[in-house]
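The letters A, B, C, D and E name the chains in turn, as written, and every chain counts its residues from 1.
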Amino acid sequence: MRSVFPVLTVLAVIVGLWWAAVAPMNIRPALDIAERSGVAVVPEGSVTRRDVSVWRLMLDNRESIAIGYQLDRPRLPTPSQVGEEFWKTTGEMVAKGRAFSKRSLLYHSWITLRSTFWGFLLGTTFGILGAVAIVYSRVTDMSLMPWAIVSQTIPIVALAPMIIVLSNQVGIDGRGVPKAIISAYLCYFPVLVSMVKGLRSPTASELDLLKTYNASGGQSFWKLRLPASVPYLFAALKVGVAAALVGTIVGELPTGAISGLGARILIGDQFGTPLAIWSALFAAAILAGILVTLIDLIQRAVLPRMGFRT
Amino acid sequence: MTSSLKISANDLSLTFQTNDGPVHALSDVNLDIHEGDFVSFIGPSGCGKTTFLRVIADLEQPTGGSITVNGVSPQEARLARAYGYVFQAAGLYPWRNIGGNIKLPLEIMGFSKSEQQQRVTRVLEMVDLAGFENKFPWQLSGGMQQRASIARALAFDADILLMDEPFGALDEIVRDHLNEQLLELWAKTNKTIGFVTHSIPEAVFLSTKIVVMSPRPGRVTDVIDSPLPKGRPLEIRDTPEFLEVAQRVREGLRAGHSYD
Amino acid sequence: MTSSLKISANDLSLTFQTNDGPVHALSDVNLDIHEGDFVSFIGPSGCGKTTFLRVIADLEQPTGGSITVNGVSPQEARLARAYGYVFQAAGLYPWRNIGGNIKLPLEIMGFSKSEQQQRVTRVLEMVDLAGFENKFPWQLSGGMQQRASIARALAFDADILLMDEPFGALDEIVRDHLNEQLLELWAKTNKTIGFVTHSIPEAVFLSTKIVVMSPRPGRVTDVIDSPLPKGRPLEIRDTPEFLEVAQRVREGLRAGHSYD
Amino acid sequence: ADDVTLQLKWVTQAQFAGYYVALENGFYEEEDLNVTILPGGPDIAPTQVLAGGGADVTVEWMPAALAAREKGLPMVNIAQPFKSSGMMLTCRKDAGVESTDDLAGKTLGVWFFGNEFPFLSWMSQLGLSTDGGEDGVEVLKQGFNVDPILNGQAACVSTMTYNEYWQVIDAGLTPEELTTFKYEDQGVATLEDGLYALEENLADPAFEDKMVRFVRASMRGWKWAEENPDDAALIVLDYDETGAQTEGHQTRMMGEIAKLTAGSNGALDPADYERTVASLLAGDSDPVITSAPEGAWTHAITDAALN
Amino acid sequence: MSWFIASLVFWICAWLLNIRLASSKASDTLAVRIIVPLLFGISILVLWEGLVRGFEVSQVILPAPSQIGATFAGSLETLWVDFQQTVLKGALRGFAIGAAAAFFTAILIDRSSFLTRGLLPIGNFVAALPIVGIAPILVNWFGFDWQSKAAVVVVMVFFPILVNTVQGLREADTMQRDLMRTYAAGYTQTLLKLRLPAAMPFIFNGLKIATTLALIGAIVAEYFGSPIRGMGFRISTGVGSLSIDLVWAEIAVAALAGSAFYGIVAFIEKRVTFWHPSQRG
């Protein structure tokens, strides 16, 4: 709580810097527009201006700086432009009762969220099962662990188109499944690593204690290893859900997804509408925030009830 | 000492194979422990106290000699759930409250729910923790945690209680207090107790038999049968008999000690 | 006691503000420590021993009363590098070897390289660790680490040595040995030493002055000037004088103790 | 009804109006077909989708199809709704490009992903190396937009008459400020947006029959779209799932597309085919295809469909 | 089909051999630690080969490892050019700039507890964001060549390293700090002799996460525009021209480069944080 004020201050500074940066970032297109509309610009000609620094341009053409704050296709939009666009594609849509129209970011967030959810589910399941296999079997540990690390160095984007084609081949159509697979691919690793740590966190004496009770393997899993790993699990879930979201969005970029936040970014790029990109990025950030917060809330509810101090 | 033989080690040896070569944790240990004995193991760090306790509890396999517990092998005794083991740190599971921790062995051994509850209530009273059943371990002081861990070892009817430096982390006053309680409990239940400690007064105060060990290789250098009576007030520690035993232990220790 | 006043606390108080309300860690403590004194602080957990040592070393600010060290404030004394502080855990930096750890304060205080080396060699010998200079902390036993940490505090010429339960984690035998060495060292250097311990025999064996404290609020309940001579063989612990002092300390402690 | 899956080359837009019109107006239904249209995207290779069995028929440019054929994927052109090419290179005059002679030493934005072949053969015909340098051209893999020409990163970018060119105009550059090189005018036009299916599938009479009905309905769609460009644009808009397309854009695009489809009844003109092959074979050093393909097209479907 | 069955048999045999190796006495030796995963990897490749041959999967969908190997060997020149462009220019430079920037920012932030409290939650939050999404914007800002790729990498690696470093700098425990205080040590001395060494395990944790991000960032950014070389360029265009074998060769390069990069960082970590319990085991 005591960090609310510092966080707000830092945020305010960031927005301020952003706003100030708009002027130099947009001065060139602003001058092009001014010149076309007949205003005298120093120096003349868009090509000659390319060799002049933005600071010089701003000094020499002070009255045209303002144009940079109202561009349709800004190189850097102002915070208010982004906010406006964001509102137009969310709040206003809701107000019009078209919250789930294809023009609404809510709709696209929902598509992304759905893939993220399945990817997350798949990824955590694999991560946890993998961790159990690794903790309980030495061969699995020795053969799998190095490859798990290597797997994360493979550029998943490269595999995306092939995953689509291959899933077509085995009779899965639609882009949802491939997206979820990519999302799971990025999500499973942090879960695996963290759960291996968690399942191995019981000390030798905690394990020995159960041995003196002559407990079975299943009993020591359910009564010791699993509960002991819960704090690690939550840490993993937070990283995992963020990774799953990244995975979905990365999966939407090269797979020609036609809906979802990644697709919005892509389409925004293709049609040269930077505002669409920026507002999709903000939606993605908010989504990430919501997902991580959600898990954090669950963690706060569960861990103390389980007796862990947080 | 007319009671029956509980634990008997004959030429017991245990060698760990490590990267730096073999470590002789125990070599040629001979020891008989009878029913109702309170045996303390004392000796410098690394002399094999923990290892010996672990061999008794079938947590470690000897590499030579033989050992019987209740007349059978340690493994058979473990499968018959003969042991209550108390580790140095209380080792309570943080996600279970005190009651849950005490129920743990009972669940594993398949006691009925009502039986579990009865036993929890009983042992909590025994260790003076009635009313703390629903507290989590970290809500208790170190001494209380240690008592809970003893309660856990008492809850099922293990007839051998093995305690590995259970009070090592506590301050002297709390320790005195727990020592008194432990003696009381021992008197009530007549269990056989194996107890590892670093403290000479603690060993002398508690035990009917003190086993002095020495390292490299781990072996028993002295076994002292205490002449002290069973009922022992704390003040007994200022009597000449006590001091005499303590002095003998100290000498045994000094003889076997090396500094690096 | 003709020697000069080193540390003087007058109505010293320290209250921590916590979420559960204020904790009176020290209240109205009055104490004078003279040059060359060996002062032990003993008392149950939470009675403010550590806090008092920290106030002396300017690691904690008192909330009431006053304290002077060498006639000036603790802060000035700290900036004049008057303190060698030994913590409960050895607190060696794991990324430096033993030599490096001992050099740490010397580097900070700007000693020349050759001077550093000389001093390292000298203090390592003093604590019986010659030859371990290039070992890393985790390669040493607990007792050796503790000695290295003492060596670190001795390496620069702090004239006040503050030790917070330095031997708490060690076994009795090693402890005895270190106690003897510490006394020797003290005799050689005539430093003023403040020493926190939980062990009554240790306190009595080492000190010229024993400060018994009691908690809630932390205060001094007894200050015992030891009648024992400066040169003390271990056997002194079996003399009646020793036992008498020990008994007085024990009573002081018992009076201030509570169990939960 | 028989199922047919159509893979588009690009996102849902008026470029594919004919198919959406046929779907919306029930032309496919009338042919007893149940058609699924899969939009494409920057990294969807229609050829690969076809190979993987993800689609029965795909919209593809001929250079890419022929290149795939050489890689061992037997694609066959079964219909060619687009008569002319819409590809062009759009350059800024103020960057000093007035004619093809000015291209040397300039930076050009080019689409890859199988769309680079017409450009490569054009450059090799002009004798310009694509490895940069004084007498070559510096090539950029252009992204999905025309930004490089707007902010001066490239002197020229690839555009389609019906799409990206208008983005350049919308961004404020006037036609007078631009030099455009249409591939048609340069004599290096290659066939775009044909319908392709796999040879082995076509061997099956049932499949062939399906394709006949599909092509017939699709061409009906195309002709309807040519006649009702505004309505066609609205239909496309309805099918756009991205929600990013605008009516103005699509209507304009439909108008331009109609010009390209106008000359075709759906049947491939062998002369156009030969011209495309010749152009692709023309590169001296690194031709797109190494030998004239065999059996890369058929009239069997269009003959049955259109008569 | 027989190809597939044969490869399956090979896979099972390899697995059985691994079980034996892992439970043998020598299981802790370096040789076994290398052989077991290697054998596992090889058996996966063999299974893949068998699958492709057994089911006659088209090479434009999934080429066999043997074919990928042949393409790899045959296109070393292309691969080298792409490697230079993407890894040496884009990823490594971006990584170096991003890591250095994060490191110094962390030290700056650390001096002010206000900034720490304000920036750390934001940093943590940003580290969880899908930053790759800004690739098109940065390509627009920094041009098509490696600079924009490096910029994407800088932004991607900045926050994980920042957050880890700041946390690491707080890691020195009170006792260790108090010790410095009793020596009356100054800020710089405490930073250099205590807090930075204590922070190293955390800093390296951040660096390791960043290695994989760096490569992914550089490659994804090439999807949004690039010169006509680079691994991302080749991968993104290779699919379109059905050069799937070349795409896989590039993937292999990426995996090798990524693993090597990770391995190097892990190796340096081992040397620098040799004292940390996790490295002593």
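Structural remarks
The rule is short, and it goes like this: contacts are C-beta pairs under 8 Å (C-beta built on N, C-alpha and C of every residue); 3 or more make two chains touch, one makes a residue touch a chain.
What you see is a predicted model, and the numbers here were worked out from it, not measured in a lab.
Contact with chain C and chain E alike is made by no chain in this entry. Shared contacts of chain B and chain D, meaning chains that touch the two of them, come down to A.
A centroid comparison over C-alpha atoms places D as the chain most distant from chain B. By C-beta pair count, the most extensively touching chains are A-E.
In terms of Cα centroid distance from the overall Cα mean, chain E ranks first. Rounded to whole angstrom, the centroid-to-centroid distance between chain D and chain E, based on C-alpha atoms, equals 38 Å. As a whole-number value, the distance joining the C-alpha centres of chain B and chain E reads 50 Å. Rounded to whole angstrom units, the spacing between the C-alpha centres of chain C and chain D is 85. Chain centres here are Cα averages; for chain A and chain B they lie 54 Å apart. Within chain A, the positions touching two or more other chains are listed as 75, 161, 165-166, 169, 253-254, 266, 268-269.
Contact with two or more other chains is made by no residue of chain B. Residue positions 61, 136, 140, 223-224, 236, 239, 244 of chain E are each in touch with at least two other chains. Across the whole structure, chains are in contact as follows: A-B, A-D, A-E, B-C, C-E, D-E. By the touch criterion given at the top, residues 54, 57-59, 78-81, 83-85, 87, 89, 91, 93-95, 104-105, 107-109, 136, 138 of chain C touch chain E in their complex. By the touch criterion given at the top, residues 42-43, 45, 47-48, 51-52, 64, 67-68, 71-73, 110, 112-116, 130, 138-144, 147-148, 151, 153 of chain D touch chain E in their complex.
Chain C meets chain B in the complex at residues 44-45, 128, 141-144, 171-174, 177, 198-200, 238, 243, 247, 253-254, 257, 259-260. Residues of chain A that touch chain B in their complex: 203, 205-206, 208-215, 219, 223-224, 227-228, 230, 306-309. Within the complex, the chain E residues that touch chain D are 58-61, 136, 139-140, 143-144, 222-228, 233, 236-237, 239-244.
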